[in-house]
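Per-chain numbering from 1; labels A, B and C assigned in written order.
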Amino acid sequence: MLNYDLVVVGGGPAGMAAALKAKENGVDSIIVLERAETLGGILEQCIHTGFGLHYFGEELSGPEYAGRFMKLLEDTDIVVKTDTMVLDVADGNVVTAVNKKDGLLKIQAKAVVLAMGCRERPRGALSIAGSRCSGIMTAGTAQKYVNIDGYMPGHEVVILGSGDIGLIMARRMTLEGAKVKMVCELMPYSGGLTRNIVQCLDDFGIPLKLSCTVVATHGKDRLEGVTIAKVDDKLQPIPGTEEYVPCDTLMLSVGLIPENELSKNSGLELDRITNGPKVDEYRETEHAGVFACGNVLQVHDLVDYVTEESQIAGLGAAKYIKGEKVTGECVYTQGINGVRYIVPQRINRETDADVKLYFRVGAVYNNAKIIVECDGKEILSKKKKKLCPGEMEYVTLKQSVIAELPAEAVINVRVEA
Amino acid sequence: MEKRELVCVACPLGCPITVTFDADGNVDTVTGNTCKRGDAYARTEVTNPTRMLTTTVKVVGGSAYVVPVKSANPIPKGMMMECMKVINEASIKAPVNIGDVVIENILGTGVDTVATNYAE
Amino acid sequence: MTYDVAIVGAGVVGGLIARELSRFKLSVALLEKCNDVAMGTTKANSAIVHGGFDAMNGTLKAELNVKGTAMMPDVCEKLSVPFKKNGSVVVAFSDSEMEHVKELYQRGINNGVPGLSVIDQAELRRIEPNISDVAVGALLCESAGIVCPYELTIAAVENAVSNGVEFIRNCEVKAITENADGYVLDTTAGDINAKYIINAAGNFSDELAKMVGDDSIELVPRKGEYYVLDKSVGNLAVHTIFQCPNEMGKGILVTPTVDGNLLIGPTALNIEDKEDITTTPEGLKEIVEKALKSVPIVSTRNAITSFAGVRAHPVNDDFIIGWCDKSANFLNVAGVESPGLSSAPAIAIYVRDILSEKLPLTEKEEYSVTREEPVRFRHMNDEERAELIKKNPAYGRIVCRCETITEGEIIDAIKAPAGARDVDGVKRRTRAGMGRCQGGFCGSKVVEILARELDVPMSDITKFGGDSKIIYERTK
């Protein structure tokens, strides 16, 4: 049995930031366990720029952003094990992992940070009828083939889902000589950042078809085409609107799901909206000493916020290990009337700093107000020119305000259109 | 007076901006932006739109087949596909470090193409 | 060289026949037109080992179903294939259906099915907690079970090959001629000579028989669609839950699978194109509507994938097993639709006996009826895992996160006799890619490993053979 103060599961931007922050705050022995052959997580294949605008004030590519943290890690005594898969986080914070070199590793940790990121929603979960030929893949899988392996996954592409990954791949495939015929989006609005609509679709004349979905795939061995159709306000295909689109590749960008197998198996209950664990203001889950941050906690759109959140978790883990973390009575948060969820789900009344509440709205709002209230009383409000589901927002609660709330109080956050 | 509407992409706010031109095609007014960056973006976008180009380049003598690269600065939007052709003919010898210049001054733009990841 | 026997079709029937014949001093070739075994109906059915009460008294279906089901636990144990005797219930939703249930009971008794009883609403609810409130009673068959049909086939063929059977894949029979020495099969893998031919070609067995002048086999392709639901709802059913059968078949069932998922389906629709295994919006909708009747809390929100299979339905409604009228040494094993999987072990024996009428069968001095259990890392405890990785570090790299499958297991699947040559082949042997993310994470790694082990570029690797390429040329 190995012993470490802190075990970090996942060496992507979340894990790296949490580990570094914990080290900065006096945690002695830290080990980062990463399943890929390098650190960096999904950033390694995100070769486009747009990362670090907030955090570094620079526009970096994914690998460059990750590279900054990798360099910082190298200057510490934080132990990193790559090509290592964590199999279990058990009661009492015992972490089991495997790799080729060490075989089976059992580590007793004082605290654990879960930073496993997220995975893509697959075709099977969508009930798209038709052929199960080759040529149907998630956008992230295609991204890996192109950017890491250096292979073209297809030549004539239809993309389902206007989330950022789909938009980025529309541009990437076009640059490498493929014909991207269209991006179909089920909702009446796009799920991705506006900059990506402009720079990935408009720039290349790739049409974005809203309220449109793929209803069937065709092809014996390899995909030969798809049938698309318009959908109604209940998101159901409208009979008679079907259109056949010849293509050899269907890329799916239809949602990210936090990778919580380990969390679930360890007994943690997941928030039904975020699909991540429920946490307090320092990102501690309902299991003592187990923290969660990054995409495993809630799917982010900006890695800068992942870093920020993971630093909170790293700081929280450090406080916990040193016996300095505030515990006791809590207040709870709730998103209502247009606000889909709040992270953190609970806040210690006697917390030692201001707390940022992160959330997403469920629809597009223009010139709206975010209202934070408790027991009918308004705590704060924030005017927003534009709110949309594709962009995470936050409001800041002052420490003094939190301290004055009664125990078990529920803080509601809502949109006023 | 000519008018063009666009969405600023300098930051996630996405302010809707309206640019007006005089008879000679010079930018007259920029309205709708909420910061200086928006103003700058709008002016460039309507006169000489530029973009960051990110792609991969072949690696020789290493374990990776490709390494990601980017244009060190934005290049003219209309030259993206041409630059891709040049990049796809090029290669770089391993080992590669972040920032290594792969192609100097691509197609006379004054912009270098640089590696954005390590390659062993 | 002239083989004694050429078996055409490496489905579960052809595979188990090959295994049975591999006990004897014969040269046997198992021919398969696809890139892997079990590519036809075998990989796309309900995976049920039926009790045997459904088939009419006196039919071959009834006889071989009951025999096959009785043999199945032992065959699975010898081949190290998971099998579960979870029992089945045929549920009645009305008094008239209850009458039908009693008919099935009697038919089952007459067929010699063990473990049958008629149960009332209270008992049904006790043993099936999630069954619909509308159910009034059921036929309980305790001898029924579940198995993985392609795992069984893969194991049977591995066993057969290790006993000396030659497995020839990508071998489609185009024409057959006869000469003094026997048959010459003109195939896509070259000419193959054999004294006897066993026609286990599933949906194509009618076409194969025509090649020797026999057009008596009349098959109607009948499509069935399914949903596979996540393991988190695998326990919504304990037994295999049937509804009362109709003229198109046994109807839509809700069943746990031997790997812990929930399977709902199949529909039944006669189709023109026997190779049409596409799912349809209507079919998928029908599955849900009907499955909800049995287990109202089933939801496709938990669906991880869907698929379709085609049954080789014989118009005379019974298996067609016997010497061909038009060609003396051609043995038909056709029309094997449900209860084909259940019957397969018994079909193998039945066919062996028929073959022995003309071809003397002498047992080999040495052969094995067992297949060694493949490494299943996910079922091992910590000590076993540590030991395993020490012996071979390839088991220390987890490739499929969702199902906990190691690189070592994937390599084993490729290196095995009649091993995997494509992504789906790896998937069916190891379960890599069958979990929640459906290969999103591990898919590209499986392609890498296949390319490395088969010493070909990644772009040569296919999903399931033929033109099912995954990726094309290099970007640079």
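Quick note on the criterion: a contact is a pair of C-beta atoms (placed from the backbone, for glycine too) under 8 Å apart; a residue touches a chain by one contact, two chains touch by 3 or more.
Just so we're clear, the structure is a prediction, and the values are computed from it rather than from any experiment.
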item	value
More contacts between chains, A-B or A-C	A-C
Core chain by centroid distance, with centroids computed from Cα atoms only	A
Between subunit B and subunit C, centroid-to-centroid distance (C-alpha), Å	55
Centroid spacing, where centroids are CA-atom means, of subunit A and subunit C in whole angstrom	39
Centroid distance [mean C-alpha coordinates] between subunit B and subunit A, Å	26
Interface hub residues of subunit A, defined as touching at least two other chains	146, 149-150, 176
Per-residue multi-chain contacts in subunit B, two or more chains	56, 58, 65-66
Residues within subunit C bordering two or more other chains	474-476
Touching residues (chain side subunit A, partner subunit B) in the complex	44, 47-49, 53, 59-61, 63-64, 67, 146-150, 172, 175-177, 193-195, 198-199, 203, 302, 385-386, 391
Residues on subunit A engaged by subunit C in the complex (per definition of touch)	35, 83, 85, 87, 96, 98-104, 106, 119-120, 122-125, 127, 129-135, 137-138, 140-141, 144-146, 149-155, 176, 215-216, 218, 220-222, 237, 259, 261
List of subunit B residues in touch with subunit C within their complex	56-58, 65-66, 88, 91
Complex contacts: residues of subunit B adjacent to subunit A	6-7, 9, 11-15, 51-56, 58, 64-66, 68, 70, 77, 80-81, 84, 98, 116-118
Subunit A-facing residues of subunit C, complex	227-228, 275, 277-281, 283-284, 300, 303-307, 382, 385-386, 389-390, 393-394, 396-398, 401-402, 404, 436-441, 443-444, 448, 458-459, 462-476
